[in-house]
Every structure is written in structure tokens, then in C-alpha cells.
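Each of the next two complexes has chain A plus one other chain: chain B in the first, chain C in the second.
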Partner chain A sequence: MLRERQIMRIHYITGLAALFVVAVHILMRLIMPFHMSLQYSNVIANYHNMPYVILLESILVLLAIHGFNGLRIILLELRQNRKWENGVTISTIAAMIAIIAFGTRTIIIASGLGVV
Partner chain B sequence: MRTSNRRGLFKTAEEDRNNREGLKGWLNPSRYGWERVSYWLQRLTGLFLLIYFIGHIYETSSLTGGAGAWNAMLQFTETPWGHLFLILVIGTSTYHSTNGIRLIFTEAGRGLGRPGRPDYPYDALSLNYRQKSGIWIALILAAVAMFYGGNVLFGGD
Partner chain C sequence: MSGIIKKISMLRTGSKLERSKKSLRARSSIVLRVYRANKAIGDSAHYDTFDVPIQRWTTVLDALLYAKSYKDTSIGIRYSCRMASCGSCGMKINGIPRLACYTNVSELESGVISCEPLTNFPLIRDLVTDFHQFFSHHKSVRPYIINQNADLRDRKELSEFIQSPREVDEYLQSSYCIKCGLCYSACPTVATDTKFPGPQALAQAYRYSADTRDTGSREDMKTIDDKHGIWRCHFAGSCSSVCPKGVDPALGIQLLRGHMMSFSKHNKKIAELKHHSHGNQTT
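Then we have the complex of A and B:
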């Protein structure tokens, strides 16, 4: 089991790393007029660019860890007893895994990596 | 299991450890000054951004349904209300990030000042101008980012 001090360190590191990768993600929307950057062909072209796919996956993982750990911290501040704390921890980890799996599915299909 | 009639002493029984004020106490920003407002905003913006993050992943999953599904989703989000929502996302994410960096410095002991003797009126030395200016910088940067985002989203093609 990780100690809370280690979990907070992970929380801060994922937050700072997410700040960097999300900034690149937003800049990719601004290299052309905003509405053009959202055209289907442009978005799919982005997904076929392997470094960008890695960037998207890292955003997904970093934000899921940071976001659901933040939710866990908020819920633990509201109430403290062993049953609640274990329930919150297990639920947030399950939700985090589900979101990462769902987002990864989109990335794999849209990038064509799933096509054999 | 040790317990005591005096509040705060030897409360080890699990039922005694529940936060009595619960959500109401958490949502009340009025008692502790700007630091409490900052604490409150950090959590509210965090929750809002988590909801947006989940919604954004769901929105993006329409890519797998082809151009038709993607364009249908864009019709739903590329509206003035959708843009206003995005501007709110820009503001909350800027505040959450800037204030988060301040909190990282604070947890590392930076910007807290030196410890001193507690004299009347017992103002906490740690809640100094550096901390307060950090909160104000976060709020001002969020406003600037929202203004810039509004210009990009509503500023024509």
C-alpha cells in the first residue's frame, strides 16, 4: 500500500506533467483556425500521427490518475472511517481504470492501430 | 477503545471520526478568509474539470462512429452555449493549475515565511502576502485566459 505522502507526490507530479501535455494538446488546436482543427479529416489525421497518439494516451493516463485521486481526497475529507475510506479508494481506482480503458479504445480505433 | 467526554480528546471510536458538518462545512467559504476561498475553489474547479474530462472522452469517442457521428457531436457542442462552457473550462483549468503550483510550493515550505512568536491579534504568519498574491495571480490569470479563449472561440473564423 502506498502512503498518503507518496500518493500526494504522485498527485503533484501527474498534475505538473498534465499541465505540459495538455498545453501541447491545446496548441495543436490553435495551429489552424479553431473550427477547421475540429474537422473530421483533420482530427483523424492527428490520430494517425504516432507522437500525437502517445501524447493523447499520456494525457488520458495523467489526468485520470490526477482527477480521480483528487476526487478521492475530497471524499476522504468529508468523512472518515475504514469502510468509507476503502470504498472510496476502490471506487475511484475502478472508475480511473474504466476511463483509461474507454479512452484508450477510442485512441486505438481512431488511429487505426486496431486494424490488422 | 479510549473515549472521553471532552471533545477532541481520545476519540478513537470510528463513529466519532465522522466530519460533523459534512458537505455544508466544506461548502462554507465564509469563515476563514481568502485561503478558505482558495481551498474551496481548488476543489470545485477540480470536480468541474473531472466532469468535463469524462464528458470530453465520451464526446471524442464519437470519432469511432465515423464522420457522421463526429459531425453530429460537433453540432451539439459547437454552439454559443458550448463555447461559453469551453470558456468556463479554460478559466477553471487556469485557476486550478496556477493555484495548484502555489500549493506545491506551499507544501514544500516555500513562501510561508519564518516562524515567529504568536502576538495579538494572532494573525497566522504563514498566511502572508506571498500566499495571498499567489491566489490573486491565479484569479487574474484565469480571467486573462478566459478573455483570450473567448476571442479565439467567438472571434470569427
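Then we have the complex of A and C:
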């Protein structure tokens, strides 16, 4: 079981790293006119670009970890009893894993990596 | 540029002081609104108002004691030293946690002064609150020097620690805490999380962990490194702004966090212990 200081260290590092990767993600939208960047063909092309796929996956993982830990912290402050605290911890970890799994699935399908 | 800013701020302070003096000159009495509640006899919460004559030196505690002596002897209030040393008379004055003995009525610049019990504390009666939980949080961080070498129970010689002024400066500010509970009352995290130790206890944890005489590690303590511990501080800073002794608990909490995160260096060199035998002042 991780100690709270280790969890918070992960929280701060993922927050800072997310800030960086999201900034790169937004800047990459600007290499062409913004309305073009969201066109179907361009989005699919992005998903077929491996460095971009890695960028999207890291955004997903970093934001999921940081966001769900933030949610856990907020919920822990609402009520203080063992049942609630354990429930909040388990459900936020489960939701985090589910979001990462679903997002990764989407990235794999869109990038064509899953096609044999 | 800084000179001009200084002059402007001095003029502002001067005019504020002048205004406060003028308002006081014009005012020879104030209306004191006192929160009253006594659950033990089924008395519901309400405010009682009292007209209290004031002088230039009248503090809120003086005004309350006047009301208690001449208007209503049943007002519940806790006080002792009248000089901001004991921390007994903490209460919310015009909505802000302050010491009643340390708050002059003239500085409030208001004809109506409202006195309420400290928030985040269970109410006993009127302006008196229960400090049991507050002190149990304080005790939980072991607020004393832990050093096996300085345990003199089985020794005959006297000992003293050698500390440099710089080492003393590391914790001196936090040692001025009088445990009045104003920071605890002002803390937004304490308001929602009852297990949070509060700024006072955490600042004391920093105070002893920064003290070179102390060898006990508080950073690994369950109360501090817990899901309701030091990490739940939102850094609102309200604890530091209400402290009547100039302690900065918010800074202490952030420094302790930095040490725990290993973001800042905490190379504490334990103070040297100098032994003396009885009647002999040399080593």
C-alpha cells in the first residue's frame, strides 16, 4: 500500500507532466488552420502517426491518474469514516482503470494497431 | 518608486488612523452583539445586545467584561491573562477570529461589535468552546523535544544543547504559538475534514522537526503522513493571517511538505550536547 506522500508525489508529477503534454497537444493543433485540424481525415492521420499516438496515450494516463486522485481527495474531505474512505479509494481506482482501458482501446482501434 | 509607494501607504495608514480616532472621538459607546446559546438548559441560539461605554484604550474583552459586570452576569466567556499570552479569549469578532484582549474597539471602526464563538470548535456555552479535539491533535504530533541523549532521568550531570542563532531562527517563529485556536477556527480544511490535524498541530510538527535538538522523526507519523494529514492543506493562508502572535503556520506546513517530498533539503545536524557536572559549569 502506498503512503500518502508517495501518492501525492505521483499526483504532483502527473499534474506537471500533463501540463506539458497537453501544451504539446494544443500546439500540434496549430501546425495547420484550426478548423482543418479537426477534419476526419486529419484526425485519422494523427492516429496513424506513432509519436502522436504515444502523446495521446500519455495524456490519457497522466490525466486519469491526476484527475481521479484529485477526485478521491475531494471526496475524502466530504465525510470521514472508514467505510466511505475505502469505498472512495476503491471506486476511484476502478474508474481510473476503466477510463484508461477504454481510452487505450479507442486509440488502438483508431490507429489501426489492432488490425491483424 | 518604492519611496513613493511607501509614502502613499504611510498616508493611507495615517488617514486610516485619523479616521479611526475621529470615529472614536465622536463615539462614546458601542453596541455589543453577543452570541448566546446554552444547550444544557435548552436555550436556543440568539444575540443579546448591550450598550457599552468606551474609552480610547477599551478592548473587546473590556467591553464584554463591562457587559458581564453591569448588564448580564450570565454571559459565558473564557479569559485569563488579558495580554495575549494565554490564548483563552479567542472568539469571532465582527466575523474574524481574534483575541478579545488584543483587539481594541477603535481598530474595528464600527459602532456595532459582534462577538461569536470560534467556528470549527464544539460549543459549550455562549462564547466558550470545547478545545478537547484541538489539544488531542496537538498532542498527536508529539510537541516536545525527542532526544535519547538528553534523557537525564538516570544521570547526575547537567546538559545543554549548543545551537547557533541561525538554527534557532529555523523554528523560533513557530515556538511563539500560544494555542489560542484562531488558526484552527479560520482553517477551511478543518471545517470540512474533522480528522485533519489543523494548522496549529502541523506548525508544531514543523517546529520540532526543524529544531536541531530533536532527533525524533515526525515526518513518518501516521497523523501527518495520512490521507487526512498534512497533504489536505489547501494553502488558503487564513491561519497565518489571523495569528495574533505573528506565527506563519501555512509556511511551516509548506516547508514540512517540501521536506517530506524531498523537494527541499532537510539536512538537520543534531545539536551537540554539552555536559556539566553539578556545581561545575565547565565540560
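Simple rule for what comes next: the second predicted complex is superposed on the first by the 116 of 116 C-alpha atoms of A that agree within 3 Å, B and C clash if a C-alpha of one lies under 4 Å from a C-alpha of the other, contacts with A are read in each partner's own complex, and residues count from 1 in each chain.
One rule holds for everything that comes next: contacts are C-beta pairs under 8 Å (C-beta built on N, C-alpha and C of every residue); 3 or more make two chains touch, one makes a residue touch a chain.
Just so it is clear, the model here is predicted, and its values are computed rather than measured.
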Q) Quick one: chain B and chain C on chain A, clash or fit? A) clash
Q. Thinking of the overlay built on chain A, is A:77 touched by chain B (first), by chain C (second), by both, or by neither?
A. both
**Q.** First (chain B), second (chain C), both or neither touched by A:30
**A.** first
Q: In the overlay, answer first, second, both or neither for which of chain B and chain C A:5 touches.
A: second
(Q) With both complexes overlaid on chain A, does A:85 touch chain B (first), chain C (second), both or neither? (A) second
**Q.** Touch count on chain A, higher of chain B and chain C
**A.** B
(Q) Need the overlap of the two footprints on chain A, from chain B and from chain C, as residue ranges. (A) 8, 12, 77-78, 80
(Q) Per the contact definition, I'd like the list of chain C residues that touch chain A in the complex. (A) 189, 192-195, 225-229, 231-232, 260-261
Q: Could you please specify the touching residues of chain A with respect to chain C in the complex?
A: 3-5, 8-9, 12, 73, 76-78, 80, 85
Q | Residue numbers on chain A that touch chain B, as the complex places them | A | 8, 12, 15-16, 19, 22, 30, 33-35, 38, 40, 43-44, 47, 60, 63-64, 67-68, 70-71, 74, 77-82, 99, 102-103, 105-106, 109-110
Q. Across the complex, what residues on chain B touch chain A?
A. 14-15, 17-19, 22-23, 26, 43, 46-47, 49-50, 53-54, 57-58, 60-61, 63-64, 67, 70-71, 74, 78, 93, 97, 100-101, 104, 107, 152-153, 157
